[in-house]
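Dropping the structures in below, format is structure tokens.
After this come two complexes, each holding chain A, first together with chain B and then together with chain C.
Up next, the complex of A and B:
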């Protein structure tokens, strides 16, 4: 026989999947976890210049796919299972990230952290023309495609001797 | 001094995962409580606590409505991700949603399935012996 306090102190077995712990300082707001989440316990939406990532641990099935899909390791499943509560509001985690504007068309297309993460990843891979890359990364995908197409056309003209 | 704790338990459409864990928590010697003797009762009106597991399936709706009539003032515990918010079946054609869609739930115990320890903890919260440890977290990029 044991008391309630003794029972809830018991450690779960190794590799137990408990509550996903999120480090908001590491999160870049890319919403990869929201795409991977089978019960849609993680929802991502864009609202007034912010991307909102909302975790609802009430619906979470503790599968660990958010941890698998996270590019920065911001989500880690802990061994915490004492999630019982009296209101569903306690089971929410809301994170807000600023969205960046496209420098050409002004559309909000990705979070600032996401862009910085992409730049640092390309930098790690050995790309050296960072200033050029930085400019291109702050264009939305459509404008970026146009930008590169214009550059290719310009270089073609240059080689033909038209410019 | 052993206090008797009468519990009514119903599966409102769960996959039986949570039910096995609940029965483990209530009946197995590993989770035998010092101060409480747990008895599983047949009728909701006899119980002190009502434990419901699983999303409400369309066919179970009438039984849940019956519990609503008989539950008057009794503590209701929703168990499992499905019981809290519909879980993986949140948009299924055959389910109605979480248990709080039809009843006033006092304690929510998330988990898929819940650990028996979490069930004991949820019962302790319902009895006022423990307080919830999880709080809503909000973060805004500085």
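Up next, the complex of A and C:
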């Protein structure tokens, strides 16, 4: 029996917005797409030390907001428009990312991949003091701010000659 | 003439009755009116000053100022101004004076306020439910802020009985695309009384927008109000937001105008095809649909989709076009023009159109009284077109004519639509030729101000589409009221049907190009489950 794709010969035109294809190796689990998705076809939640990102293509409206918001280009709208299926699970994609703990307060604050991505971005920007910046990425934003404030205070004291 | 003269005239006449005057812009003002003299003020503002009703919205502002606010938006065509007559009710007042006898087109609006906010219109001749089921509990009023957006309500299963001898068409009928029910009472084969019953599809899109989404997502929801004129709805919503947040760049305005006209062409061709099918001219219907495919290709090329363009965003558009696309669009449009013109000029088509003469008459006075919009109004000799009256996007720069016919019947409505297609083609060509260079999006818009009132208007293929909007805290929308063109036009259907043979009922009803999805603002989806507020037995009956 020939498949539906063979029967329907019509090729989608250029720029067609079809089913979003996700490259799990590129995804860093930042959940920007889940924030941008108007019909909530992408849902992100944190569970037992993992961040779970769930795509339900059945609810997708093919607007392409996920593609626009993705920082790494992991989501791309393909030209595939034949989503008919007999099993509902075919229209689901679940990705799990391990969350990292803050080195100071121990809060789960971002996925490990997000931290790696941040470090590589820092390296790309060409900062010389990389080790310092790399270490800063392992602290949650609040702790990082405290750490930075402490350092500034220390240097102020140093200049005033108090240390 | 600006809005100040209108407000001055009203305040001179009514003096103490007007509690507060507020002039927002040169063309837009608000007057707050005392409840006791409200009827006289609205009568004078609408009938004596020659206004037309744009929309009416009731808002539950009890969590903020402890009041219900009813806004009657009246437009004055001759000086292109908008006036809001505002009636404020304290939270313990549960009724307001009904102005239906003075302003007949307020019928639907007041009934909607009644069921959605739980306020009774005092003196309304026919205070029936409009959108909610008949067995909906009367204390559950969905648009009150205390009502959760995903609440489920138990219904009992009671219905209003029909009078004896009623002929009903619908809600399920092969000739009707959407669920609606025409209840006809006939004498000697002529219709004596007609009632249009709707609300089979209501799923509360406005509540969803107010409860769940932020302002950046609602234009996608607005696009899904209607399958034919969705882009116009998103245009209206975006316009309302941009009036208070910031202007889009020029290039975006031109691209939006092109797509709005593309939508108009495809909608008019579809209407002509459906009308041809209903009167038995299937040959012509197929031919028209064939021509329509060319314009669908244009939509595909520019936006990446046949319908649900997804082109709109706050502050601009999401896709640009290049010279290659421009050429292809021009080529397709030329083809449409030549093919459609040759079809119009063929004797066969003329004969078919002539059959429609003298059916479904809506006189100019009635049309004015009922605030009818779009091609339905233009066929009755009223020169009204939002593109000319309240210019938006690039319409102030392009040159086109408003098609007006004094026919007052279905023939007029068909002719107006047919010739509007050529005007749309003219507009698209001008926009493509004068497309300015530059960015397509204004990135400065990030936050919208709190508690601001704004009205977005555009000319949908079926008429004036009006969105009334109040912004809320944290980039949300507090109140969003969609007035689709069919909402205004469908109130004229009983008038058109009076005295017609029963056989013509469907054609007359279809002649306004009804779009029930627009009227009822469909779809509520939450976590994968669909909530249908209307019980199933209703359709079985």
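Just so we're on the same page, the second predicted complex is superposed on the first by the 154 of 163 C-alpha atoms of A that agree within 3 Å, B and C clash if a C-alpha of one lies under 4 Å from a C-alpha of the other, contacts with A are read in each partner's own complex, and residues count from 1 in each chain.
One rule holds in what follows: a contact is a pair of C-beta atoms (placed from the backbone, for glycine too) under 8 Å apart; a residue touches a chain by one contact, two chains touch by 3 or more.
Because the structure is a prediction, the values reported are computed rather than measured.
By the touch criterion defined above, A:71 reaches neither chain B nor chain C. When the two complexes are overlaid on their common chain A, residue A:56 makes contact with chain B and with chain C alike. After overlaying the two complexes on the shared chain, residue contacts for A:38 are found with chain B and with chain C alike.
Legend: residue contacts after superposition of the two complexes on their common chain; A:86 is shown touching chain B, with no touch to chain C.
Chain A has more of its residues touched by B than by the other of chain B and chain C.
Applying the stated contact rule after C-alpha superposition, one finds that A:106 touches neither chain B nor chain C. Residue contacts after overlaying the shared chain place A:141 against neither chain B nor chain C.
Once the two complexes are laid over each other on the shared chain, residue contacts for A:15 go to chain C alone; chain B is not touched. Shared contact residues of chain A, touching chain B in one structure and chain C in the other: 38-40, 56, 59, 61-62. Against chain C, in their complex, chain A makes its touches with residues 13, 15-17, 38-40, 56, 59, 61-64, 68. Those residues of chain C that touch chain A in the shared complex are 213, 217, 220-221, 224, 300-301, 304-305, 308, 310, 318-319, 525, 527-528.
Only residues 31-35, 81, 84-88, 90-91, 98, 100, 106-112, 114-115, 117-118, 120-122, 124-125, 129-130, 132-141 of chain B touch chain A when the two sit together in their complex. Those residues of chain A lying in contact with chain B across their complex are 1-4, 7-8, 10, 12, 19, 24, 38-41, 56-62, 81-98, 112-113.
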